[in-house]
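Presented below are the structures under discussion, each in the form of structure tokens.
One chain, chain A, links the two complexes that follow: it is found with chain B in the first and with chain C in the second.
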Partner chain A sequence: MAQLLEIRDLSVHFRTEDGLVHAVSHVDFDLGEGEVLGVVDESGSGKSQTWLAVMGLLAQNGYATGSVKLHGRELLGLSPSQLSHMRGVQLAMIFQDPMTALNPYLTIGRQMTEVLQWHQKMRRSDAEARAIKALEAVHISDAGSRLKTYPHEFSGGMRQRVMIAMNMLAEPEILICDEPTTALDVTVQAQILALLNELRERFGTAIVFITHDLGVIAQIAERVAVLYGGRMMEQADVYTLFEDYRHPYTEGLLRSVPRMDEDRTERLLTIPGNPPNLAMLPKGCPFSPRCAYVEARCQQQMPELEVIAPGHVRACFHAGELGRQETGA
Partner chain B sequence: MAALIRYTLKRLLGAIPTLLIIITLAFFLLRAAPGGPFDMQRAMPPQVKANIEHMYHLDEPLWQQYLNYLDSIVHGNFGPSFVYRGTTVNDLIRQGFPVDLTIGGLALLGSLLFGVPIGIIAALKQNSAWDYGPMATAMLGISIPNFVVAPLLILVFAVQLHWLPAGGWGHGRLEYLILPSISLGLPMVAYMARLMRASMVEVLNSPFIRTARAKGLPERIVIWRHAMRPALMPLISFLGPAVVGIVTGSIVIEQIFGIPGIGRFFVNGAFNRDYTLVMGVTILYGMLIILFNLLADILYGVLDPRVRFE
Partner chain C sequence: MMEQADKLLEVTDLKVHFTLPGGGWSRNKQILRAVDGVSFSVAPGDTLGIVGESGCGKSTLARALLCLVPVTSGSIKFKGQELTTLDDAAMRGIRRNAQIIFQDPLASLDPRMTVGNIITEPMRALMPELSRTQRHERVLAMMQQVGLLPSHINRYAHEFSGGQAQRIGIARALVVEPALVVCDEPVSSLDVSIKSQVINLLQNLQAERGLTYLFIAHDLTSVRHIAQRVVVLYLGRVMEVADRDTIYRQPRHPYTQMLIAAVPIPDPRVAREHKVSAVRGELPSPLKPPSGCAFRTRCPWAIERCAMERPELRVIENSQVACHRAEESLGSKLSG
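And now, the complex of A and B:
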């Protein structure tokens, strides 16, 4: 698998009234062509910020340090016009809430064709023909007449399909999906996941799938990165992560997923405590306040990422086996 | 289009009860105020007063007068003015209203022409001198009442610099229009600039703008195609209140500049208990405000595809 995106030591900071907030600290990611990377993180932990930084879409008070290379070309620090030539063409992004992600004042057709008209200088009629094909590819029937309609005339799942179609128009190499199914109900969620898998096979698009839902990860990801408090906790291929996880946080996440094949009279486990407050992260490991295996040094310093097996890394001091202690009540 | 016409007709019909309430309230409130149109400093001989009151039907029972009044305005007749003898209220309105329409229209147009771009620039250059400067000035513009601004403008541009006339109408020649329109429009410019800035900032932070940027569209397309229309919506809602502001503002401005508009009649009428004149102007203002609110709603519906006329 050829290397596509290489993120090294990426940190994202926000200047706020409470001082500098470190949303993402020193994370590394690699993405190969056509690969599906799942990114897991609890809500409010700034998991989207890594990828907004990659897109150059951080809020005005945010900035990123480190390195993001696409095909070896540094993306951080590109000018707005250089960025805009890359966005949509090489990197595309779809967002959590399809209800608000489309412009309510413009027709679906306008919002789709403008991508091709701008990036590929296509004529409107040609762009419309392509838009119709793209809508058909995401299984929207009667695509021709749909072009003239407005987003509010679509359901949530349909809008997310439109978003996907719109972002696949220029056939980007990487599609970043920021919780694209969180706002949708479960059956629609399954359809969208199936659709993404289908598109990936068809176009060879690499997908970054950001979610807090491990069930979704299991359905789509090949490799999974688990973050906590903006730091990388563990990264492995999806089978290893589910079967042979080596980080207490991963363990906590997996144990708090309800399972159909276990005794369902038992209470579902949860990770005690609250998701991290990015403005007040502890000095050491951000997960240490909630960790069942916490040691004294965890609160003092952040463990380095260690390679456990090829393609499997984790950041934890805990040397023994996991699973001996119950996490949470 | 048919839906739009139906909607407009429906709204116009709906305005009738509103107007009726305005008329009724104004009619009885006016009558409840002490004094009458023919109370002079020196008492009139009772016989003379009775004769005059008889002539204007003021000796009839109040409900009778009310019904008569309703009947006459249904026929488009606002009755004779009590104070401006020999003239009807219709005449006075016909005379004064075009004057108000001119300076009011200029003020509104000017405030849109300046307020909107200033607000947009401030929003695009958020937290820079381009933002803080105009916004601080705008705050000042909102806080300073027009009866302070107008004399200041006269002092500088008429008395000191002799660029423009200090007052009067001059048959509506442009140089006579400038200072009154500016005095009337200045707080509006300020208000619109702030409104426009706030709404543009909000729109620029909305998810669909992020989507547009994520698609790689250049910033000018993002702003002009994606952000402009939604950002203008609050301004359209402001159209109704803006007209109210212009109407009330014009009453003061006309006094200061000695402009023969309706506001002056309104004030004189109120002081002199000129029942029909005050009623006529009240109804006119009421209709104006209803009309502009309707216009705002229609514009809203035309610009926002989610709004349906029903």
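And now, the complex of A and C:
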């Protein structure tokens, strides 16, 4: 698999009234061609910010340091016009709530053809033909007449399909999906996941899938990065991560997912405490206040990422076995 | 089956229809049948789960049970008392006994009120006999029970994370000591690790206080841990009712089977074997539900009869199922 995206030592900071907030600290990611990377993170952990930084879409008060290379070309520091030539063609992103990402005043057709007319200088009729093809690829029936409709005329699942179709128009190399199914019903989620898998097989698109749902990760990802408080906790291929995880946070997440395929337990296992507040992260490991294996040094110092096996890294001081998670209310 | 006297809440053929203006100059009003002939009952101390996709009428049902939306027809009996005909003053007495927890904790808490005021307010309205000090004591006791610190009392809701805000919502609902609590998707918007915390908290409180829950959710996973009985709704109609273990082991309605198959399994090996998507089609518009069985347009086993005749809920072994072909156990091929 050829290397597509290489992120090194990326940090994202925000200047706020309460001082500098470190949303993401020193993370590394690699993405190969056609690969699906799952990114797991608790809400409020700045999981979207890494990828907004890659897209050059950070808010005004935010800035990124480190390096993001696409085909060896540095993306951080590109001018807005250079970035907008790259977005849509090489990198595309879909968001959690399709309604806020679509313009309610413009027809679906207008919003879809805009990309092609702008990036590829296509004529309108050609662009429309492409848009119809893209809608058909995401299984929207009667695509021709759908072009004349407005976003509110679609259901939530259909809107997300439109978003996917729109992002696939220019056949980008990387599709970043920021919790695309969190707001949807499980039935619709299953359909969207199947669709993403299908598109990936057809077009060879690499996918970054951001979610806090490990069930979704198990279905779609090949490699998984687990973050907490903007820091990398563990990264491995999907089978290793589910079967031979080595980080207490991964363990806690896996054990607190209610499962349908196993016998019901009376009590759900949980991770005690609350999600991290990025403005008030503890000095050492951000997970230390909630960790069942916490040691004195965890509160003082962030553990370095160590390589456990080829392709499997973790950041944790705990040396012994896992399996001490408790239930709590 | 339960005896008549054992029921805390009994709903019979409940209908909530909304009239919408027709499009353009059309004088034809459209009728949205949000809840269309729903019946069930809950015994004291039990938890009844109500499951369905968005748009199936589950939130309307929750609001109708507390008379927060007008009921079109049917009966709601709470402790044997008919609620649909009560006037506002009499309803006030009921509210002390029946409370609700909402889906979005931050949206349902007043941003300008402190946590203490939020939890005190239901007591001011519904328990005027309490003195100021008694109310304060109750607030502190309640906060402790839901896992909030006494120092949180003067903070505002936006200072809390989603999971903690939901604890405030739970405290507000329980402080007047209701018998019935309607939980309208209380954990849907929470993170996985926090979701289980809140479900465990609700279970603890139920055990301590003998509460009865109506637990509404859009997926079957969280309901499985808390409910003894489960009602599956589709387009305002009941598709299946069964005990928890029955419905998960042997779902009889094709829709229940589809809901179960749609839940992602957190195990990459199992998940990848299940590659064929079991979910078909989209939820039809509730303004134009399909003729006959509401689910037939997405059902893999639909036959001509399903379009002609609306299936009634009937008893098959331990379940109640609204499906013409329920006896054929077609789904065993599907749910595997």
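Quick notes on this structure:
By our rule, the second predicted complex is superposed on the first by the 320 of 329 C-alpha atoms of A that agree within 3 Å, B and C clash if a C-alpha of one lies under 4 Å from a C-alpha of the other, contacts with A are read in each partner's own complex, and residues count from 1 in each chain.
Rule of thumb we're sticking to: contacts are C-beta pairs under 8 Å (C-beta built on N, C-alpha and C of every residue); 3 or more make two chains touch, one makes a residue touch a chain.
All values derive from a computational prediction rather than experimental measurement.
Contact with chain C, but none with chain B, is seen for A:Ser155 once the two complexes are overlaid on the shared chain.
Comparing chain B with chain C, more residues of chain A are touched by C. Once chain A of one complex is fitted onto chain A of the other, the partner contacts of A:Gln219 are limited to chain C, with no touch recorded for chain B. In the superposition on chain A, contact of A:Val238 is made with chain C only, not with chain B. Residue contacts after overlaying the shared chain place A:Tyr105 against chain B, while chain C stays out of touching range.
When the two complexes are overlaid on their common chain A, residue A:Phe203 makes contact with neither chain B nor chain C. After overlaying the two complexes on the shared chain, residue contacts for A:Tyr63 are found with neither chain B nor chain C. Once the two complexes are laid over each other on the shared chain, residue contacts for A:Gln189 go to chain C alone; chain B is not touched.
Chain contact summary for the complex, chain A toward chain C: residues 42-44, 155-158, 185-191, 193-194, 197, 212-219, 221, 238-239, 242, 252-254, 256-261, 264-265, 267-272, 274-275, 277, 327-329. Touching chain B in their complex are the following residues of chain A: 55, 57, 59-60, 80-81, 83-89, 92-93, 95, 97, 100-107, 114-115, 118-119, 150, 152, 163, 166-167, 170.
Of all residues in chain B, those touching chain A in their complex are 126, 205-208, 210-219, 221, 225-226, 229-230, 303-306. Residues 53-54, 147, 161-164, 191-197, 199-201, 203-204, 218-222, 224-225, 244-245, 248, 258-272, 275, 277-279, 282-283 of chain C are the ones that touch chain A when the two sit in their complex.
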